[in-house]
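For reference, the structures are reproduced in the following blocks.
In what follows, chain A forms one complex with chain B and a second complex with chain C.
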Partner chain A sequence: MHSKTSSYVGLLYVAPALAFVLTFTVYPLVQMVWMSLHNWSLIAAKKFIGFGNFVKAWNDPQFWTSLEFTLKYTILITPVLMVLGYLIALLTAENRPLRQFTRSVVFAPVVIGLGASSLLWYWLFSYDFGLINRALMDLGVIAKPVVWFGADADIALGAVIVSIVWKVVGFGTILFVAAIHAIPGEIGEAAMVDGASYWQRVRRITLPLTAKTILLVTLVSVIGSLLAFDQFYIMTAGQPRNLTATSVFLIYLNSFPYLKLGYGAALSLILAGIILVCTCLQMLLSRRSHA
Partner chain B sequence: MSAFGEAAGRGMSRTSAQHHAQGLVGRLINGRQKYLVAAACVAVCTVMLLPLVASVLASLKSTEEAAAAPPTYIPRGLSLDSYERLWNYQAGLPVYFSNSLGAAGLTILFCLALTIPAGYGLAKFRIPGKEALFVVLLLGLIVPYQALLTPLFFLFVQLKLHNSLVGLAIVHTAIQLPFSIYVMRNAFEAVPRELEEAAIMDGCNSFQVLVHICLPAVVPAIITVSLFAFITSWNELLAALVIMNKDSSFTLPLILAAARQQTSIGGTDWGMLQAGITISIIPCMAFYLLLQKYYMAGLLSGAVK
Partner chain C sequence: MSLQLSTRCRSALAGLLAMVALPAMAEDLQMWERSGGNAGMVDALVAAWNEKNPDRKINLTYIPHTEMVPKIAQAIASGEVPDLMGMDLIYGPQFEAAGQLVDITDKVKDWPELKTAVQGHMAVSTYEGRLYGVPLYADVSALFYNKDLFRKAGLDPEKPPTSLAEIREYADKITALGGDVKGYFLPGSCAGCNIFTVGPLMWASGATIEPRDANDEPLQGDGVKEVLQWARDMIKAGNVHEDARAETGETFHLRFGSGKIGMMGTGNFNITLAKEQNPSMDFGIALLPGVKSGQVSSFAGGDIVTIPNGSKRIDDAIDFMKFLLSDETQVEVYAKMLNMTTRGDMTDNKYFQAEPKVQQVAKAIAVAETPYTLKFFELINSPQGPWLQMLQRAYYEDTDLDTIISEAKAQMKAIAAE
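And now, the complex of A and B:
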């Protein structure tokens, strides 16, 4: 079956998937580039305006606010996710019943929906119906309820970060545990005989030998954060004054409620470009760490 | 601990009593560490589980208690009021639930129908320009689907696929396809060549080899792909928001989001929301707990690129 003619048989098997990707990924991608060069709304006729939409983005304060907010969210949440995820991985890496159980529990929120979990935390943080204000008051931490999703965008951002850390910290943990398991046991034992303390072993052995996984999880977290939408759509709804509207949120607002389709497409392309740069950076770094 | 014991063993002048005492101290330290780890594990589990438990408990409060501020920690009595209201909410829970189930089922079907042959073709045949082909198939990993929704929406309007579960499932398939192809190709590559060659000697054609020899061997990959397709589709919000704009075509994440949006106008029905959250979480949790082994294997095979 591996003769010269069989290559076309192979292509036949791949053809449906290829046709699907060409229709529903490549074609929309080309279409999006085309759209981004037009002033395009569902109501008026579309008009070619070249790079006008990109110039418009450059001069649009909301574009910069959203980009800045998205970057701020990404920069704040990534280290928290990485450090907590790694600490929990160290705690639960050994295959003992309680630790394996803890690993499963930490991972559980990863499989539930971002919408459902955002709504759950929206309730927990709610001003007068939320358990967080009630518990903090009962514990004497605060004197009166906090308005988590109100006029202060920073407080809202903090609340969203707490909820997302809860939701996705287990993703990193699982990959870190797998990476730790892949370290040959003898290396750790040799260091132990030499009298290295636990934290010395973590710093000198575990961390360097899991560097590639750390890089991968960082990239996945960064891309995930740059594409954040559900959590802000549900918890803050972009309020106050669109200050918590992320880049994807802005694309959504322009493309659908506002019907500025060309402008939305241009914003999409800019975001896709940023993600592409991040991916290339990761490939470059991981190739270097491989050598 | 072993370094400690060795040092103690080398101390030739020590009496056996000292020896014994040191062993005991060592064991005590070890014991304290064990309790510390156990305590940390329990603390982590508590933090992770509390929100879920709180939500399930809140969904069982009576109508009056669910609307009370400040909220009670534990319901005073158990009631299914919230679930009853959710059942009758707008078009009704059965409609949303079956929409979600339909989209997820179609997504699994599309993913398998496309990636089983693709994985087989990529793993078992010499195809001209295979590397380039693989890159095109994995394009979705680089281009975020969020960025493609506008042109997809237009395409769907032309094809009359907006407001349709098939359309939504197509987007969800596009999201899952790169990962699924990757998993399938790896699974087919692991099937030993001798098995196929024997079958070919017996006169099987490549399709028969796929069905009779390879498929039984890649069942774990089929489960992995299905599980990820289900979880992605069941939970996806943005594409559903864009493609489904008729109340009767809403999926569960949409109806949950819609219920939240009410707050800007009037009061939210917190009890009903909790019931909705609980209902939408249960299938994911059940599949995850049941098929954890495949989920982990799939995640790891996807991560080791």
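And now, the complex of A and C:
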């Protein structure tokens, strides 16, 4: 009896959180699944079509183009963010004024909105007025201005990657610095006494003891890259020939301007599934590293 | 005590004032309009209406252009609609077909002004013989040419090209001037700019572009291939700036005023803009030609004003429509601001007579067309749509044009059939 009362009291305690999750997570998710089974436009009556939207996605060449491009972007940018972020963390981990200042400078772009930074880089890469073409020409790297966006998908991808690395590398750096600081100092000191070089200590001590943070940052980076939208919407608009249209760009187009809510919901669920797989893999790796 | 009394009195007075003021505010008509259109024109129209109708003013709210369609759709779904909506005219048929707009046919059937209203706007405001809106403002496309560059290239600045072949011939000569000067401009990554300026080249050449519905065949006529071939040749000949390939529409309106382009298709809005941007530049305006001399066309764009189902002020909204089409508004608001009048019979007015360039571009109204389709964005305006894909492949690839056109046709038909 007492146990039953305790259960009710416990339920009462979690009720607000439960209500929040049910209202803002479970209900929208169920609604989205329901929506994905319909031909659903806000201005016309909805029609049940079963798995028609999923079949349509399977047969939609643009879906595969967008997914392939999104994965390519994720695969290319993630190692850059990780390696660069970690190297900067190693260089600036020590708490000295100049290094602290450097950390702040590297972190500063993280607090700028992605839309604002994308617009900034859009103009920096401008063919006519951009600083980058001017600088590269003055340095003799290029003979004439480069058309960064709209001409070649790989060039556009490279330009976007540069802008995003500038924007978010500081986020990983700060987490890595925190993880490095959490390593007990005596471990490093003992290794030094044993004659370990700097890189030996990084490889044998720092890297293994910050592995969980590395996996966490990888996961955040991968999810963020799979959900990339703003930067491509602003900088490339999907051009040339939709080759730089990401999966979320495709979801946006279908859900809003095309008013195909059902198809947009189906595409969202597919992307959510892919992200779920990535998360599970990360958790699996995390457990193994813990073991 | 007296301070407390004074405070209470002031509170009571404020409450009373609020009660008096609220009904007055509530009587304002609520109107939505997209941003990114001709905001200056719409502001002036609403201000003119408000001045004449102080008891039923319009409260104008701008919605970001890219969010307008979903915003309207959400408003309709939730029942929280404005009393009037200005919308990009090409979306008219989609909302009319969905039964979301008020049928105004019977209320306006005796208006003589409608007989001369811009045909493209009237066409997209009509669905199955019923009328759902009237023109709010009109933009038309035309061929703008730089007379200074014409003179430098040895061309007669008073004889603009009258066919695609002549454009090519003149562009070659202007490009040969060298430096950063090019003969023509084709926006490589902007679907909307292309339907506005390349679409008329195809229409003038006897072609059709968009399918009206699932039973209609898109991209009909030799003009499609001929214009694509012409554009491909123009680009290969170096007559278009290289960065035009990346033009998404962000800087399209600033291109002609740079003074580095011999000719380009653009809109009436560029008259004022080019003058502001480059006051010393001498330029002329002609109609966009087709393959053969004498063939001309234009795109009539702009907005229509409609009444969403659920509007509580239908009669006031209809009065606003009548006001827009009145002789006085046409001359003293539209023409005075050197914007296109939305009635063809009002182009001969004192303001246009004083500005020959506007007179010239006004001629486009008579030959202008507006696409009529239930899925304009998906088919034409989207950066991912088949229209822009077809153009980009034609402009920048060597793939056989028949293949490109037939693949674009298949994509358009699939979208129209959904």
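Criterion: the second predicted complex is superposed on the first by the 268 of 291 C-alpha atoms of A that agree within 3 Å, B and C clash if a C-alpha of one lies under 4 Å from a C-alpha of the other, contacts with A are read in each partner's own complex, and residues count from 1 in each chain.
In this section, a contact is a pair of C-beta atoms (placed from the backbone, for glycine too) under 8 Å apart; a residue touches a chain by one contact, two chains touch by 3 or more.
Bear in mind that the values here come from a model prediction, so they are computed numbers and not experimental data.
In the superposed pair of complexes, A:115 makes contact with chain B only, with no contact to chain C.
Of the two partner chains placed around the shared chain by superposition, chain B is the only one that A:16 touches, whereas chain C remains out of contact.
By the document's definition of touching, of the two partners only chain C reaches A:240; chain B does not. By the touch criterion stated above, A:150 is placed in contact with chain C alone, chain B being left untouched.
With both structures placed on the common chain, the touch criterion links A:276 to chain B but leaves chain C unconnected.
Note on chain A: of its two partners chain C and chain B, the one contacting more of its residues is B.
After overlaying the two complexes on the shared chain, residue contacts for A:89 are found with neither chain B nor chain C.
With both structures placed on the common chain, the touch criterion links A:128 to chain B and to chain C.
Once the two complexes are laid over each other on the shared chain, residue contacts for A:219 go to neither chain B nor chain C. Looking at the shared chain after the overlay, A:256 reaches both chain B and chain C. Residue overlap on chain A between the chain B contacts of one complex and the chain C contacts of the other covers 128, 237, 256. By the touch rule above, chain A contacts chain C in their complex via residues 41-44, 62, 127-128, 145, 147-151, 237-242, 245, 250, 253, 256-259.
Considering their complex, residues 66-67, 69-70, 72-74, 76-77, 94-95, 98, 100, 188-189, 242-243, 245-248, 377-378, 382-384, 389, 392-393, 396 of chain C touch chain A.
Of all residues in chain B, only 2-3, 6, 37-38, 40-41, 44-45, 47-49, 51-52, 54-55, 58, 67, 69-71, 73, 110, 113-115, 117-118, 120-122, 124-128, 133, 136-137, 139-144, 146-152, 154-155, 170-171, 173-174, 177, 181, 196, 200, 206, 209-210, 231, 234-238, 241-242, 252-253, 256-257, 260-261, 264, 270, 273-274, 276-277, 280-281, 284-285, 287-289, 292, 295-296, 299-300, 303, 305 touch chain A in the complex they form. Residues 1-2, 6-7, 9-14, 16-18, 20-29, 31-32, 35, 88, 91-92, 98-99, 101-102, 104-109, 111-116, 119-124, 126, 128-131, 133-134, 137, 166, 170, 174-175, 178, 192-193, 195, 213, 216, 223, 227, 229-230, 233-234, 237, 248, 251-252, 255-256, 261, 264-265, 268-269, 271-272, 275-276, 279 of chain A are the ones that touch chain B when the two sit in their complex.
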